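I have placed the structure first, in the form of structure tokens, so that the comments after it can refer back to it.
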Amino acid sequence: MTTVPSPTDVDPAGPAPTGAGAGRARIDDGDAAGLGRWRATGFVAPALLVVAVFLVFPAIWTLYLGLTNWRLTGLAAAEPEFVGTENYTDALSDPAFRNSLLLTLAFVFFSAIVGQSILGFALAWTARRLRPAVRSVLETVVLLAWIIPASVVAFLWLALLDRREGTLNALLGTDGTAWLLEYPMQSIIVFNIWNGTAFSMLLFSSALASVPPSQFETARMAGAGTFATLRDVVLPNIRGHILTNTLLITLWTFNVFAPYLITAGGPQGRTEILGIYIYRVALRDGALGEGAALSLIMIIINLIVASVYLRLLRERRP
Amino acid sequence: MRLNTGLGATAGLLATALVLAACGSDDDGGGSAGGDPSQNADATEVTLTITDNAIAGGKNSEGAAWITDYVIPEFTAMQEAKGVDVTIEFEENGVDDEDYKTKIALDLQSGAGGDIISIDGIWTGEFAEAGYIAPLTDIAGDAVEEWDGWEQIPEAVQQAMTFDDQAYGIPVGTDGRVIYFNKELFAQAGLPEDWQPTSWEEILEAARALKQLDGVTPLQVNAGVPMGEATTMQGFLPLLAGTGEQIWADDTWTGATDGVTEVLDFYGQVYGEEELGDPLLQQEAQGRDTSFQLFASGQVGMLIEGDYFWRSVINPDEGIAPMANRDEVVGWAKIPAREPGAGLNGQDFVSMSGGTGRVINPNTEFPQQAWELLTFMNSPEAFEAMISIGGARITPRDDVNAEALAGDPLMSFIAEEVLPITAYRPALALYPQVSVALQNATAAVASGTSAEDAATAYQSELEGIVGDDGSIAD
Amino acid sequence: MTVRAALGVVGRYVFAGFVFVFFALPLLWLLSAPFDTAPSVQVSLPDFTLENFRTLWDNPYAMRSLGNSVLIAAGTMAITLVLAALASYALSRVRIPGRDTLLYLLLLLSSIVTGTAAMVPTFLLMTELGLIDRQLGVVLVLTGGLLPTAIFILKDFMDSTPRSYEESARVFGASSLQILRHVVVPIARPGLATIAVWAVVQVWGNFLVPFILLRSPDRQPAAVVMFTFYTEGGQPNLALISTFSLLFSIPVVLMYLFVNRRYGFRFHGGIKR
């Protein structure tokens, strides 16, 4: 990495702003490779075809089912009836749904936006300057938390937080503390940070890796401290990645189901986040139509959240 | 340009999806009552598929071994002797029951699926209403009535696979619930080794005696939502039977009746101030697993469970919470009615049973051969082979039970003493939701709500499920 | 080394130490339970045995399912990576009105398809296409679900790569595909590596899609076989589950280490000069 920075390193217009904002004027539209519309279409077509057949088609079918009283079994399976928006009004008027929505917002905010993003970035930032062996071990252990399937992860956390002989109680000397019953929400938030940080870490590692080293060099020579470097060099370069990361982990955390295996949504619905609520409605109670309707409600909430993110990131742009 | 094409394609797909979804219900076998029973009856080349929630090396591996090692070779040989070339395929699953149910429901809905399918008896109603399964006589014709096996299967056991007075399948097995207790702990608490309570009060008295022992939870009677159906089957319903009531009787659901309130009050006594049970355990996601572990390690005095507990949980050889000294330490007793004579049909003792069975896929190409295979799998020889492969099981057949269970004291106890007094859940599509409502009620009581309030809340939840048009008795 | 720099080093390693403990602590169970004769949900010194590994070795489906997992994961990853790279490159370089909105909408739709409700339409679709009980069907459904996210992430990386090389390459007469392959892909490597690891992880733990779409247990991946280690009453056989989890984790960790070393997130600057 001791190469001489070439003049092409820094895009004359600065790093390209990215993100999901629509219709903004931007400088990355220069067709440098000379793709042209038709060839570009050819590049996009295969992906679009697969997405259309295996994603859009079943998804829209599902949304249609959300307008029916359809169930997997029973009379409503044989002859589903069109019920219009009944599923939506049912869901919105269910106090359990509103409770679940509030829990989910807290869950997403603390475990994903605050927890996973910050810890993930801190890890990516710190790991760059650790000894390679240490770095590998650290990254592997974070990654393990992410790849082990939820069914197993649940046992790991039950063993950690068990009331009788849990590892945590043994370490802290707090014998008999039922963490999952006394601090249920806190427990699943910490759990989700543990479970999902790896993605943010990976994404930010890659993002940091794509910051031109010459810029770090410049900052170092100018005597900038860590904070100044982060603000002036890193942030402008990875703004798009931050937005992507936040959008994705928000969306995923809205759908998270794994805490069900640890708390079963309890005690008394205190950890019944949306993923669990939908599972209860769609599978335990068998109302698949209503489950589909809930998915759409969740998507709309995500759209709202996403537009807030966009606004926040746009305002901060110099 | 590209975007327009994309949107156009999307719109086209949407239209197709709507059309497909709209007509899906018409041609997907909804309400199909089976085809022609004599279809392919004389075929000489036959392929049949058995679908079961069993897999070699995993869940119900004995059942899987029985099918591959006994059923398939024996039946193939039998048919070969008749000049019919039968190929039997075995579709193994071995996953969570709900996932299995989803998969076979999808299969049946799309007109696919094995020819012989194992289902839980409790699904019979919802599958029948959805048109996924059909009465056996509609599929295989007169041969069904003529089968000599029916008379060996008690009426009550047959009920497990019956819906609207028609048999949709043949039961494979049944079970029964008892109170297991730890004789060592009983001795320490000064209780008799051959304990048999005759009222709820005597259970509570024993629990109070056990409460004096250090580090022992006297009684585990399942409560709460995380335990799911185990709360209903091992807790609420046997207790309700002990008050002389059933959850579904005379075409109505049971609301906040005296019996329901009494049962909830019993829960209140167990999990209330006296703490004869561990209320926190009922709220834990893996509470049931933990309760098994605790019983196995001598920290729970009494526990209500089915014979499954004996066979698969504390079994010293293959159990998941093995008890090396199970045969010496573990005792069992029948579940008493609230007081002698107060139980269902005026009984002194009560129990609840579930059952699994096998149905024939209404879309089978070979109805006669499928029926023949089904009866073969329910023949006394087949059950005997199953027991010799997988250990003692309570079969639906009296003739088999009488001989095959002799070697296992608990299993023969359940077959002889419990099955005659047991009751079954209604195989209705609404039952699972009612069951959840019952679980909610027990959860409320276990965490301090009064029995009356919990009963009232249950009543209104029940009205939300079944409507309040007189289909609830109170 | 200044005091400040030294403090920085100490701070880094203390932070790394804490994070390590936080992430490693729950994993302890995976180190004790597989070697225990009768594990429960607690970490304890095992009553040592290797019997659990032998049982799994003898299981007709366990080892094979790991191979199936590798096959399905590798297939999904490869198709996702190729299609997403092509699409994100084109979307990054050619201006199409509303592309970001469209992409985000697809992303949102992909969250529906992970749910159970969508399993029914998916199942019926695959039945019509004759892709039931074929691993290709599983790969395609999973790819469809992963593509929007993959394109979404990759487009960021494509956006932040400089265009000057492409212009030079074009001057020398390289075709668009050649430019993508020899110029853009090497630059976007950290991003591609992220997508590769992410895609494998998503597929690796997925239970519902393969379970619903595959019939014969011979073809099922490990995530499905894992669920067979329960009793008829739904109680987990912790000895087999913990042991299998351990085996189940190894391929992904190896893959991560390989990808990390080979294509690394370690480049100091994605631009290799």
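Going by the order they are written in, the chains are A, B and C; count residues from 1 in each one.
Please note the rule applied: a residue touches a chain if its C-beta (ideal position, glycine included) is under 8 Å from a C-beta of that chain, and two chains touch if they have at least 3 such contacts.
If you want to know which protein each chain is, UniProt gives these names: B = ABC transporter substrate-binding protein; C = ABC transporter permease.
Just so it is clear, the structure is predicted and the values come from calculations on it, not from any experiment.
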Determine the set of chains touching subunit A that also touch subunit C.
B
Of all chain pairs, which one counts the most C-beta contacts?
A-C
Computed distance of Cα centres, subunit C from subunit A, in Å:
15
Taking the mean of the C-alpha atoms as each chain's centre, how many Å separate subunit A from subunit B?
39
Need the CA-centroid distance for the pair subunit B / subunit C, whole Å please.
38
Subunit C: which residues touch two or more other chains?
41, 96-99, 116, 120-121, 207, 227, 236, 238
Each of the following residues of subunit B touches two or more other chains, namely 2, 6, 17, 20-21, 102, 106, 109, 286, 290
Subunit A: which residues touch two or more other chains?
37, 40-41, 44, 48, 53, 56-57, 61, 65, 72, 158, 164, 283
Flag every residue of subunit C that touches subunit B in the complex, lowest number first.
38, 40-41, 55, 58-62, 96-99, 102, 116, 119-121, 123-124, 127, 132, 207-208, 211-212, 215-217, 224-225, 227-238
Subunit B - residues contacting subunit A, complex:
1-2, 5-6, 9-10, 13-14, 16-18, 20-21, 25, 30-31, 98, 101-102, 105-106, 109, 123, 125-127, 129-132, 224-226, 280, 283-286, 290, 429, 432-433, 436, 443, 447
Under the stated contact criterion, what part of subunit B meets subunit C in this complex?
2-3, 6, 17, 20-21, 24, 55-60, 91-97, 99, 102-103, 106, 109-110, 112, 286, 288-290, 292-293, 308, 312-313, 320-322
Considering only the defined contacts, which subunit A positions touch subunit C in the complex?
1, 3-6, 8-9, 11, 15-16, 18-23, 28-37, 39-41, 43-44, 46-48, 50-51, 53-59, 61-63, 65-66, 72, 119, 122-123, 126-127, 129-130, 132, 134, 136-153, 155-160, 162, 164-168, 194, 199, 202-203, 205-207, 209-214, 226, 237, 240-241, 244, 247-248, 251-252, 254-255, 278-279, 282-283, 288-289, 291-292, 295-296, 298-299, 302-303, 306
State the interface residues of subunit C toward subunit A in the complex, per the touch definition above.
8, 12-13, 15-16, 19-20, 22-30, 33, 41-44, 79, 83-84, 86-87, 89-101, 103-104, 106-118, 120-122, 125, 140-141, 143-145, 147-149, 151-153, 155-157, 159-167, 169-170, 176, 179-180, 184, 190-191, 193-194, 197-198, 201, 204-205, 207, 223, 226-227, 236, 238, 241-242, 245, 248-249, 252-253, 256-257, 260, 264-271, 273
